[in-house]
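Going by the order they are written in, the chains are A, B, C and D; count residues from 1 in each one.
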Amino acid sequence: MKQNGIEIEDTFAEAFGIKIARVLITGVTKRWALVSATEATGFGTSVIACPCEAGIEKVVDGSQTPDGRPGVHIQLCTFGYKALEEQLLSRIGQCVLTAPTAAMFNGLPDAEKQFDTGFKLKFFADGYESETEIGGRKTYKIPMMEGDFIAEHSIGAVNGIAGGNFFILAENQMAALAAAESAVDVISLMDGTITPFPGGIVASGSKRGANKYKSMKATTNHRYAPSLKDKIPDTLIPKDVNAIYELVINGINEDVIKEAMKAGIEASVRVPGVKKITAGNYGGSLGKYRINLHDLF
Amino acid sequence: MKQNGIEIEDTFAEAFGIKIARVLITGVTKRWALVSATEATGFGTSVIACPCEAGIEKVVDGSQTPDGRPGVHIQLCTFGYKALEEQLLSRIGQCVLTAPTAAMFNGLPDAEKQFDTGFKLKFFADGYESETEIGGRKTYKIPMMEGDFIAEHSIGAVNGIAGGNFFILAENQMAALAAAESAVDVISLMDGTITPFPGGIVASGSKRGANKYKSMKATTNHRYAPSLKDKIPDTLIPKDVNAIYELVINGINEDVIKEAMKAGIEASVRVPGVKKITAGNYGGSLGKYRINLHDLF
Amino acid sequence: MKQNGIEIEDTFAEAFGIKIARVLITGVTKRWALVSATEATGFGTSVIACPCEAGIEKVVDGSQTPDGRPGVHIQLCTFGYKALEEQLLSRIGQCVLTAPTAAMFNGLPDAEKQFDTGFKLKFFADGYESETEIGGRKTYKIPMMEGDFIAEHSIGAVNGIAGGNFFILAENQMAALAAAESAVDVISLMDGTITPFPGGIVASGSKRGANKYKSMKATTNHRYAPSLKDKIPDTLIPKDVNAIYELVINGINEDVIKEAMKAGIEASVRVPGVKKITAGNYGGSLGKYRINLHDLF
Amino acid sequence: MKQNGIEIEDTFAEAFGIKIARVLITGVTKRWALVSATEATGFGTSVIACPCEAGIEKVVDGSQTPDGRPGVHIQLCTFGYKALEEQLLSRIGQCVLTAPTAAMFNGLPDAEKQFDTGFKLKFFADGYESETEIGGRKTYKIPMMEGDFIAEHSIGAVNGIAGGNFFILAENQMAALAAAESAVDVISLMDGTITPFPGGIVASGSKRGANKYKSMKATTNHRYAPSLKDKIPDTLIPKDVNAIYELVINGINEDVIKEAMKAGIEASVRVPGVKKITAGNYGGSLGKYRINLHDLF
């Protein structure tokens, strides 16, 4: 199968279940909402060695927020609800409560699972807190040096999916990178998904385990390493390819992951120098979700 | 004392010792170096509940980097060297090695204390790594999907200082915020310091411990909370002040902290609506460094 | 009338007819489309002394562009079609054709009035041009150093409206500015309108003509100048107001102007320190459109 | 000659004299100074059809500005002083005076040639202006809606140079573009120069006149057009090159142009996919300055 003349390999992305909380951060302007969201989602690329996976889902205007101010949806993702609650508390307490003009609202108010993160944050007020209602939400006012911090009582979470992905194979690194950035551009406008790696892009796609250093949980996907393609017998890199970036996509359900993969691939194949699209899987051993690239189109 | 007509209170900022590692991240362009640096320093505002304090120190051009590419100095700060080594390994492994076009160099090559972070990262290469020299530095090449990741063998660290600070008291929140941003603007051009909070600014300056919720390590600095000023007897807020932001500054020695505080205050007092500058201290109980505001000028 | 507790004066914005062309600029990524759009709409705040009024209307994703790449709608506005054609030719020729990865499409393909700007640009190809169809549009390929520039044959234009406006009166300059920025944030997401001044905001609202320097076409709206409020008898500034910013909005019809004014005012009144909203008019002498603020809500 | 393994062609850039005015725009923060500077330098790529060539030279901190606020140096360039004075008046009057928090200072106070642009702008105050001194500069206060606009009496200008340039030839468009961006990154930190094209980069390098459409002043440099390389007999494009970007550099004297060309080339040749550097000249017929690439190193 080809899209815009570029081969889409007949393979599947292997994804797996993860717990996802969604938080809506508002600010006096879009820029200040993004400052808080960026801090709160940093050091959050992969659960391999980050405390959680995290990213900015989408910017929304005041018509879509309880306090009428511009907002940013962020997602935090961990394997279990206990770790998720800890991350919510520490990331919101340290990166949203502390951020200029930020307020915190529930990004999944209809989810069955709810954490009382706002309730716990109010203890920072040392007895000066008060309860109030904003846009129909039960919130707390926490008096601070900048003024009152507003925190909604609960933050919702769902069983989501991590590890949706595709690989962009290109003639050289800059072509692959521009294609990856154009994919992130379009995904950043879509509902329900994040691309948790730096700038939304993975430079270092990995394989599970290791051949040589057996204690490593994950090591370089050497069969897709361009500088090894002439040195190893089992390279998977076509002759005209010299760089690869991976997009990793987490989302609140399988549909949004598929939509994001489709839109991201469609954007990528329009960038000059892109040669092929494929996806990462582990023969089905890692996750229960298999998203076939050819089924997207 | 007044600066630009604004009162500088006769008090001191109380700061304390911390371990600081400095990493130089380079990228194909300044923008891509910043993408990695931003991810690597996120979730890093305060050691109260973040794994470390972290921030971007300064952007440098190719004449100041071993590989001739644009670079960004970042700092990671923890109370002990063990935690610092863990943070270096996980943050660089997850946020720099994974980031498009990023390379990692030692930001303190002359420091006595050196971690072999690059040496440890090379195991990701699963045996395909090689050693090379770039700009006189001992580095490893790690073959990955984007190409080769370059990691210098060592990352240096020093005994630095955390908690340099000053408070900006203003007529209202937006005036205080613009003043704080102008302070961050100038400090971001200076050597040796970071402002680890979101956008460089603290909205929620705290006191040690609590009066009511005794289990809390830190709670709101209620005597500086504008919404309480008419409700509590011992408020410290002048009548014409309705919002306060704090700048918190970490740095590799006392001199750079002082220079940053001076430049930040000078920038702040030029913003219309600013009424007073003061600083945070705990009566000398927290830290061994006392930086008198009046001594700065 | 009040909105969010802030007085909306019972007055009207006086607007007037203008010719508006809309151009869709696409790029390999959103960022590069914006680079071209920013250059093409610069030096375009007011027809008083700029060659045209110009601004960025909205960012769109690849599903809304003929070539499937990210795009930016811009508007150029002049009093007559002759000047508009000249501006299209020079601004697109100098700021879009010259910009990395940019392509030019018709932003108003259904308008009655169409300029053959793309046809004229193709002469730059010096005989090497060719015709092609992209997304159903008749376009030209112009071979250049970066590759082929794509220009659609025609650019459409309509009778639009300029000078939609409102004033944000606030306690001080930074409060007024943050409110103005929050208004620009929301308007930048809406269809059909631009805010042509720097950052979307006017610092220097004017009156027609002059009292003293009779040769001037426009001079400071001195009755709204805060530094004169205690010096002149007929100031219009309330006692608690010390700074004012104006939003000026152009758009392709009256409805989009009204929607943008409404959303912008709703955003503004949520910013702490804002005291009053009013609008600029000249007693009805300047333009034929009167947009009553109270009718918006 | 090679730099970082990339061939530097033995040729010269042909540059020519131009008049350059330098303006220092300050703002309450760096961001707001840049908003004004961006508007004031837009629609300013080439004197072929823009009213002037214009660009941002450099960001400076408060220690380098008369009012102690962050600032941005911009340059405006025209062939004659009459046109330059007109551009100063209209661009500063429409894009700096109108911009939030902006002030205007002389960027070349020691130049022999001085325009009284500030003096002329003060008529906007309609008699309410006053004279004052800021940082030793003679300035006017112009009461406006945001507060007082500060304009220095004079703006200086010099005989400068336009058209310093080099070409980046690369394997594909994205490699050429990243190299061009990395060159702009480093030049944007240097004194005395601007890169006036969109994002600092020229996609459409031209030749003088035309072969076919004789009325055109400039047409595509077809011998450097990649899509023609297999169709014309006299292409100048090497076999392995498929895209080219040009950097055009204006500056206040020949030395700063040379330094910028050198630093820009050194940055470019580090980007993977770059194949060759050359420069544009017209056999010496256009300008009196010849800058040999080999002499730079």
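Before moving on, here are some points about what is shown:
The working rule: a residue touches a chain if its C-beta (ideal position, glycine included) is under 8 Å from a C-beta of that chain, and two chains touch if they have at least 3 such contacts.
Computed from a prediction, not measured in an experiment: that's the story for all the values here.
When each chain is reduced to the average of its Cα atoms, D sits farthest from chain A. Fitting chain B to chain C on C-alpha positions gives a rotation angle of 180 degrees, to the nearest 5.
For the touching copies chain A and chain D, the fraction of interface residue numbers used by both exceeds half; the interface is of the same-residue type. If you average the CA atoms of chain A and of chain D, the two centres end up 39 Å from each other.
Chain geometry summary: the mean Cα position of chain B and that of chain D are 34 Å apart.
Residue positions of chain D with contacts to 2 or more other chains are 28, 147, 173-174, 177-178, 243, 271-272. Within the complex formed with chain B, the chain D residues making contact are 4, 28-31, 61-63, 67-70, 147, 178, 181-182, 185-186, 189, 263, 266-267, 270-272.
Those residues of chain B that touch chain C in the shared complex are 171-175, 177-179, 243, 271-273. Taken in their complex, chain D has these residues touching chain C: 28, 32, 35-36, 38-46, 48-51, 54, 89-91, 93-95, 97-102, 123-128, 141-149, 167, 173-174, 176-177, 180, 197-199, 201-206, 210-213, 216, 218-222, 224-228, 242-246.
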